[in-house]
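Structures follow.
What follows is subunit A paired twice: with subunit B in the first complex and subunit C in the second.
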Partner chain A sequence: MAISTEKLTHILQSFVTSTTDIQGAAVVTPDGLPLAASLPGGMDEERVSAMSAAMLSLGDRIGSELARGGIDRIYVEGDKGYGILTSCGEDAVFLVLADKAAKQGLLLLEIKRTLSDLKAVLM
Partner chain B sequence: MEIMRLVVTGPVGAGKSTFIRSVSEIEVVDTDRRATDEALLIKKRTTVAFDFGRLQFGPDMALHLYGTPGQSRFDFMWDILIQKAHAYILLVAAHRPHEFREARRIMMFMKQRSPVPMIIGLTHTDCPGAWDAANIALALGYPNPSRRPPVVTVNANETASVAQAVIALVQHTWSGSLAATS
Partner chain C sequence: MSLEPTEFMSKMVSRTGFSADDKKILQDTAAWGLEIAPEMADYFYDYMGRDAEMSAILNESEGRIHRLRETFVSWFHEMFTGMDSWGGDYADRRWRIGLIHVRIGIGPQHVVPAMAVVVHEAGKRAQADGKDQQLCDALSKICMVDLAFIEQAYIEVSSAAVLRETGWSESLFKRLVATGAAAM
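The block that comes next holds the complex of A and B.
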């Protein structure tokens, strides 16, 4: 069955709009191409996708080479907010951009929930 | 121990990852992922961050080789890698003339960001339809043979051939720094 981009986009949009302090989200291929995105204005989908793929692949490599095991997620914490990358099955990477005010526990729970929705569409 | 950082760049499928794998003494740190874009026409996997290899060069110098991704969507990696490079080699597949323009674009990107020495490495020169060095140099914007970077032919699969290219790059870098100090 073909992957429905509309469904993916819909999931991302409702995730971004319904969760407080989330500013954007994207689902990209492991080689850095956009599948679906709901990003803040001015952010280029293609660039965001390539960066997500590069970061996750390096994280994976650190996990295996520096004996940290399989990588669940990568956190980028800046003074303005978070960028969180989560592997979404074999064929996708999930990126979430959140405000500094975001509550981390809530954030992780929401990410987990959205991941399973995304995976269901990607299957 | 002096460390010289060399960047290996060029369009998709030029042979950058293979180049580094051929000469590295350590197991190469690669970040390749299954390709889903136009790279798929050429190969199954593609680099998404960088390749890293190391080569001991004489008793007190180590070469660190960094391979860039080929696709321009990863140009932030090109930027990161070239900032710290001492020199770079632009690999160009001689038998895919439609990519020369992309090779030239990558070269201009690098030149705008870094003045370090570079050479051009031609790969796939044994493939049908391969252009000769003079014409490729012309296509890359070097009409005058006496005023162009060194052009070497390299078989990325052969360690000896890649080593020759690396030596040419290091020599070119040294001759440049000698000229600058004299």
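The block that comes next holds the complex of A and C.
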């Protein structure tokens, strides 16, 4: 069955608008191609996609080299907020951009929920 | 991202228009090629040696410059003989020569102008010896094919190292290079 980009976009938009302190989200392929995105204005979807895939892949490599096992997610914490990369099955990477004020527990829970929705569409 | 030498050779031969006539004229003058090879090696390494960075690399170990010079003479002669008619053996040897350049740190920025000097001097010598212009054209083409191997070796070795260390796929790497280049 073909992947519905409309459904993916809808899931992302609803995640971004309904979750507190979320600024943007994207689903990309492991090769860095965008599948769907809801990003803040001014962010280049192509660049964000390539960067996201590169980071998760590098994280996997680091996890393996440093004997950390399989990597669940990668956090980038800056003074303006977070970038969280989570593997979304073998065929996709889920990127979430959150405000510095975001509550970690809530954020992870929402990511987990959204991941299962995304996986259902990607399967 | 691993280069297949014969396939690459075939692409380069096609792109440079290196023809059966070019092969014939080179093979017919192979003895002349061997005769002038030491002189061309002098031009090549004299030019390279004028650069301080290259001079340091060429003279880094005992006898390196001597071995490189010998390799140059064989390499130059092989452009005329074509080894196995510019087939798999020729391509493999060119690929290995490219890898040696990468290993010892002689980059395209040094080889390209030095090769231009060789092509120029070989052309002058051909004219002085009453050789046909077609010989110079054929030699220029095969020189460019060989140069492409050296340049490609740098790209392949660098890319392979990045892919191995990062776990990135080849298409992701190409995408990152393209987006990076667009942002420069």
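By definition in this document, the second predicted complex is superposed on the first by the 123 of 123 C-alpha atoms of A that agree within 3 Å, B and C clash if a C-alpha of one lies under 4 Å from a C-alpha of the other, contacts with A are read in each partner's own complex, and residues count from 1 in each chain.
Going forward, a residue touches a chain if its C-beta (ideal position, glycine included) is under 8 Å from a C-beta of that chain, and two chains touch if they have at least 3 such contacts.
For clarity, every value in this text was computed on a predicted model and none was experimentally measured.
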Subunit B and subunit C placed together on subunit A: clash or fit? clash
Practice problem: Scan A:Asp31 for contacts with subunit B and subunit C and give back first, second, both or neither. | Solution: both
_With both complexes overlaid on chain A, does A:Arg47 touch subunit B (first), subunit C (second), both or neither?_
both
- Task: Using the superposition on chain A described above, determine whether A:Leu108 touches subunit B (first), subunit C (second), both, or neither.
- Result: neither
Where does A:Ser57 make contact in the superposed view: on subunit B (first), on subunit C (second), on both, or on neither?
both
Which of 3-11, 21-29, 39-47 or 75-83 hits subunit B? In subunit C, it is stretch 3-11
In subunit A, both subunit B and subunit C touch residues 30-33, 46-47, 50-51, 53-54, 57-58, 60-61
The residues of subunit A that touch subunit C in their complex are 30-33, 44, 46-47, 50-51, 53-54, 57-58, 60-61, 64
Per the touch rule above, subunit B residues touching subunit A in the complex are 29-37, 39, 46, 48-49, 69, 71, 73-74, 76-77
Listed in rising order, the residues of subunit A that touch subunit B in the complex are 29-33, 46-47, 49-51, 53-55, 57-58, 60-61, 65
Residue set of subunit C touching subunit A in the complex reads 165-169, 171-172, 175-176, 179, 183
